[in-house]
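Once you've had a glance at the structure underneath, I'll fire off some questions.
Order of writing sets the chain letters: A, B, C and D. Residues in each chain are counted from 1.
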Amino acid sequence: MESEKKLSDEQALIVRTVRKLLAKYDSRYWRKLDRDSGYPSELFKQIQSLGLASIPITNEYGGPGLGAREASLVLEEINASGGNAQHFHGQYYLLFLISKCASQELKEKYLPAIAKGSLSLQSLGLTEPEAGSESTKIKTFARKDGGNYIISGHKIFISRVLQSDLMLLVTRTTPYDKVEKKTEGLTLFLVDLKQAAGSIEVQNIRTAINSQTFELFINDLKVPASNVIGEVGSGFKYLLNVLNPERILIAAECIGDARWFIERSISYAKKRVVFNRPIGSNQGIQFPIASVYSKLLAAEGVTWRAATMYDESSQLEVQEKTEEQSSAKQIGKYANIAKYLASECSTEAGSVAMDVHGGYGMSEEMDIERKFMENRLYRVAPVSQNLVLSYIAHSVLDLPRSY
Amino acid sequence: MESEKKLSDEQALIVRTVRKLLAKYDSRYWRKLDRDSGYPSELFKQIQSLGLASIPITNEYGGPGLGAREASLVLEEINASGGNAQHFHGQYYLLFLISKCASQELKEKYLPAIAKGSLSLQSLGLTEPEAGSESTKIKTFARKDGGNYIISGHKIFISRVLQSDLMLLVTRTTPYDKVEKKTEGLTLFLVDLKQAAGSIEVQNIRTAINSQTFELFINDLKVPASNVIGEVGSGFKYLLNVLNPERILIAAECIGDARWFIERSISYAKKRVVFNRPIGSNQGIQFPIASVYSKLLAAEGVTWRAATMYDESSQLEVQEKTEEQSSAKQIGKYANIAKYLASECSTEAGSVAMDVHGGYGMSEEMDIERKFMENRLYRVAPVSQNLVLSYIAHSVLDLPRSY
Amino acid sequence: MESEKKLSDEQALIVRTVRKLLAKYDSRYWRKLDRDSGYPSELFKQIQSLGLASIPITNEYGGPGLGAREASLVLEEINASGGNAQHFHGQYYLLFLISKCASQELKEKYLPAIAKGSLSLQSLGLTEPEAGSESTKIKTFARKDGGNYIISGHKIFISRVLQSDLMLLVTRTTPYDKVEKKTEGLTLFLVDLKQAAGSIEVQNIRTAINSQTFELFINDLKVPASNVIGEVGSGFKYLLNVLNPERILIAAECIGDARWFIERSISYAKKRVVFNRPIGSNQGIQFPIASVYSKLLAAEGVTWRAATMYDESSQLEVQEKTEEQSSAKQIGKYANIAKYLASECSTEAGSVAMDVHGGYGMSEEMDIERKFMENRLYRVAPVSQNLVLSYIAHSVLDLPRSY
Amino acid sequence: MESEKKLSDEQALIVRTVRKLLAKYDSRYWRKLDRDSGYPSELFKQIQSLGLASIPITNEYGGPGLGAREASLVLEEINASGGNAQHFHGQYYLLFLISKCASQELKEKYLPAIAKGSLSLQSLGLTEPEAGSESTKIKTFARKDGGNYIISGHKIFISRVLQSDLMLLVTRTTPYDKVEKKTEGLTLFLVDLKQAAGSIEVQNIRTAINSQTFELFINDLKVPASNVIGEVGSGFKYLLNVLNPERILIAAECIGDARWFIERSISYAKKRVVFNRPIGSNQGIQFPIASVYSKLLAAEGVTWRAATMYDESSQLEVQEKTEEQSSAKQIGKYANIAKYLASECSTEAGSVAMDVHGGYGMSEEMDIERKFMENRLYRVAPVSQNLVLSYIAHSVLDLPRSY
């Protein structure tokens, strides 16, 4: 299934490169990882060596300096080939954040190594048991101690902690009940996980999918003050910079999943014969496929437009405040709607694929059930469809808040 | 609700012009027409006088020589303002057909008058009681008689017969059971309805909406052979030229309807207070609006892309056969998917608007019920959603035929 | 389509009687009424003369003393035959209220005449512009004046005012801001509309359907204190007695509509031939019919169970308080769920019927569009699906209030 | 969540007994089984020892002689408690078949041991790679050899082969292309799996759920002719006797699942606090729960009615042919519709539960994802929703066949 997007030569090259690479890391690779609850380290090394893991890093730090569109293409193609791009997306959105908000010192310290592939930055330490969708409620606390911060707290559903060299850790430096605005008093740290090993107890969370997600008990973790990103106490503002690219990348992964589900459904519907004809000649089989394919086309267009907006806005060097705000608002609108539509579409496509494959859909060797559950996560993480609808209702359509 | 499309200056001017015009022909105008089962002749005269009724006519015949995008914008804005563009779309898609397929003689005879607004071409005489979705089954027959054809037959659901000067009439010149391929033997005539008056008995069909649709009993209607469009017997091929622009224009009308439904829903949800708060603060009200708005954004993108493809393909003067075929296939794909998505979206938006308005949705003065029913027609005409899904399954996704 | 319910002999007789009667008042009758915005007075007289308009009136007042099941059957059959039972349901639920809550004096004054068919009680004067779903917010005020009350106020969407002899009028006798509990201070009056004529200005509200609904401007209407129902100020409590039977009857009307939509769809799908086969052999046509038929079966079961519960509870002469409360809670649960399911099912069936009939669905002579819109009203009146879901969530499932 | 069904004392006792038993075999038990891909042998022994595994066996063979209602209650309660009743349902529907169709000799040979719990009959050997939904296409062949049959063939998706003592094996004794009617020439065998061990190669099929399903390569398996069920060549007719009870039991399992999903969703929605209030106070959370709960109530009613019909029909000793046929038709109708509705309802409830639980829904310790996938199987096995819709369309609604 070819892309409906108009790609530049460079983008088309990225797509071809990723496809060629994934021909070697096909379903058997992912199925084995799934059984062993393993991380695709080998594939990630290949992606790093092709320079595709550091897309957002600018030339001065040794990266290609590309944007959300190119990152989207990599992730979409991984999912469209039957893989699971969730293992890799963290580095992209964290790099967008670092590139925009970190000090030059911090960038010089880490970005070249990430660009070279000798360091990885896949983990975002944000969610806590009592602060899921409501990030300002986190309690993990960082207190100043000379040139360092001492951090303690409890995090849950933190991905790729054991598979990443670096983590972006979100803390409070002023408690929730001591700030005027609840969005104040949050501070972001870039944490070297090897150095932190003794101060973080990591517990694996068993999930329906091979998600490499963990519960962290952080106890007096010492992090140098120079590893603070941006200004102390302004972390929430920076964090907003991760939200839009993350939604756009997730949308791209959903597009990839939907393509895979639809391709597999078509292929199976054409060859599976029941009552002397391919099941694909039944409207009960083909109409749901045709309908969700139409939605895919539409969601893909919105997702690509969101990525394009994000990239174009990033390239604006000097602009008036109002233009920037208006641009940010448009990006937020498109990023959220892209996530909503792409996730709805891929959930539907996954359900269609399960239905089309009958009993075979439950068999591990068909990969349908694995992808079906991997894709299901996108409905609720990093943001639930309900919260996206609230955002659209309130921020885009100007309806009153519902909560 | 502003358009999400990137418009050229000329297109933006068309939008502003139509909006300004429609400010004078607002809901009261349409409500009155609806009660009287009247045709918006006065408004059509204004559209003609602004040169907007002859968009597809090229400069040499006195028209602006614009395309599906510009025609779409006019129709979308009419529906988005609370009007009913169904009264006007026929002239656009028929002019696309005439421009592409009619002889120079025929074009010289009629197009300048249409461009000037002294003639209208709003009626397509295709459907018959036994040949709805299956056009090749029509029985209306045209037999050669010297320099004329004598036509007899029975047509149903023929729109705007009494409101148009000209009709494109579809006939058989070879009976269904005498042709090898069922698509052969069809012939198109441009019929002057004033001259034809004595030979056509016109019966009004009462419908749920103010649709100006009729049943025709054609009895020995004489039409000069020079009024045949293209070659005798090849009508089906030409007719295909009407299908894609028609789907694209219908999609644009659905987009306009969806915008109107959503705007009205938002506006009402913000001001209607129940249990001490605007009903728009209920997720049960705002989530359906936010969801269908997301789909609108997506459907609008696909529709605009379809119109753009159609226009760009029309501008190709010389091209290789394969490129042309590939382009035609892409247009067919996008035109059908646009129609499917836009119609689904506007049906959903209409239903949301009915639900949001409660009992007031049934009141004539709110216009909701009128627009709700007007929009419902797009699900089944000019082509049903089921037939579109069949087309997508078979022609786009290469699944086996279901019938 | 035969009923799935197990009927007593008496109930079966009612069904046969109504069917026989309606064979004479078929679609042409309803279509004509619709065009003329007329009330089915002639049919109502027949229903009265058969003793079927006074089902809830007990023997001592000259009625048959039957229950919600029998009333449901009458209304269901009217809708299932292509008619519109909305014109008649008011008298049933108002009689349930009167029978339970009115003084013996009032019952003696009116019930025998209603049983004889010389008086009709079809109108409930409740809704106001600022008090739709939130009944306690009404402002129509009744002030004591000797042996009378003088009533003034503004009502909207009041049905059958010109087609009824009596109206149940809901007023405040203590203003909203003077009561401790907002449900206090409401008082119900039985109003003789002929006597009231000079004090009520009645304006017709034009709606999408032939609904006989009006806006009332009540100005110093004098009503004798003896026409108060139950205790002054306790009207809300009595009003609750109308809500459950009303929901049950509405559910029965939806069941009737769904049966009609499904029967018509099956019949048309079997005889309409396109591409050389009946369209009913397409899964795209037959699966939606089969699916909604399944839901009809389920909704019918719940509706009948709700009616049975209501009737059985009414027959409990002496019972413990807790048992009564528990019974009332169960009835509320089933009545609301029946309304929700039956309305969802009939909306879906209506939409399927529109889709199946293609362009013919819009034609007045097929009755589909008329029934489609008549049925649409049940989604929002007398209570919206959203409010029913709130009730189920809060009162049945013990979830926290959402407003 | 209490049952909405009116239970006899004996049925209520069964419910209480199963609930008490399952309190000891709670989520931890099932979670551990799931990780180890184990069979709940210990629980099954308990069920056997309580006499609940042999419900359909009549008193003369040592069973309780109960029906589909009682079997339904056991399975529903297992699923409603968080377990997976798929491990146990085979014995019920196979016992209904054996009781109705096997020779007295065969019944005497096996039923007492099954009633005692010393033998189990959990496995139905029907499906083949080229014969999924189309059972008559099976190729496994049994050829007569003296007093035995020699059987060879290839079966797939055969459940509980290693967990059952006996299997009902479906074979052809006349090849597909040698019979006049494709339903002829099928023969059923009761196979002792211990004796058969050397002739059947059993391969585990890895699936998304702990389903104990296998692929079988049968090679010259010798089975005594006395183990044929009913007449040779008439197997298809007997097999139909398994289909209706199977659908009814599956529907009951879906009802149990839906109850569990809804209970868990309510419980979580009440205690999970985000933005300072329980998420259950959001309409975006509570409306989907209330809606699917309504559908549960309806589906439960239809399922119970189907089971009651089946039981009552089984008790008819002597009846006229037409009455039997009419009864069989009604049972088929209700069994299929019950399966369709209950499966739709539980799929929706599962999806709601996943959405309500956010990221926690993916965590193994919540059991949501396990139950979600276990329940998903019911959409396609033992019969897909599409085939059920075809059945309803054709056999119930008299629409033309779609294939």
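Keep this in mind: a contact is a pair of C-beta atoms (placed from the backbone, for glycine too) under 8 Å apart; a residue touches a chain by one contact, two chains touch by 3 or more.
Remember, predicted model here, so these are calculated numbers, not experimental data.
J.: Return the chains common to the contact lists of chain B and chain D.
T.: Shared contacts of chain B and chain D: A, C.
J.: Going by average Cα coordinates, which chain is farthest removed from chain D?
T.: Relative to chain D, the chain whose C-alpha centre sits farthest away is B.
J.: Please tell me whether A-C or B-C has the greater number of C-beta pairs in contact.
T.: The greater number of contacts lies at B-C.
J.: Please report how many Å separate the Cα centroid of chain A from that of chain B, as a whole number.
T.: Once rounded, the distance between the two centres reads 42 Å.
J.: Between chain A and chain C, what's the gap in Å when you average each chain's C-alpha atoms?
T.: 52
J.: How many angstrom between the C-alpha centroids of chain C and chain B?
T.: A distance of 40 Å separates the two centres.
J.: Of all the residues in chain A, which ones touch at least 2 other chains?
T.: Residues 277, 282-284, 287, 386, 389-390, 402 of chain A each touch two or more of the other chains.
J.: Okay, in this complex, where on chain A does chain C touch?
T.: That would be residues 282-284, 287 of chain A.
J.: Tell me, which parts of chain C touch chain D in their complex?
T.: Residues in contact with chain D: 262, 266, 269-270, 277-278, 280-283, 286-287, 289-291, 293-295, 297-299, 301-302, 305, 337, 340-341, 386, 389-390, 392-393, 396-402.
J.: Please output the residues of chain B touching chain C within their complex, sorted ascending.
T.: It is residues 127, 130, 132-134, 157, 205-209, 211, 273-275, 277, 282-285, 354-355, 357-359, 361-365, 369-370, 373, 376-377, 379-381, 384-386, 389-390, 402-403 of chain B that touch chain C.
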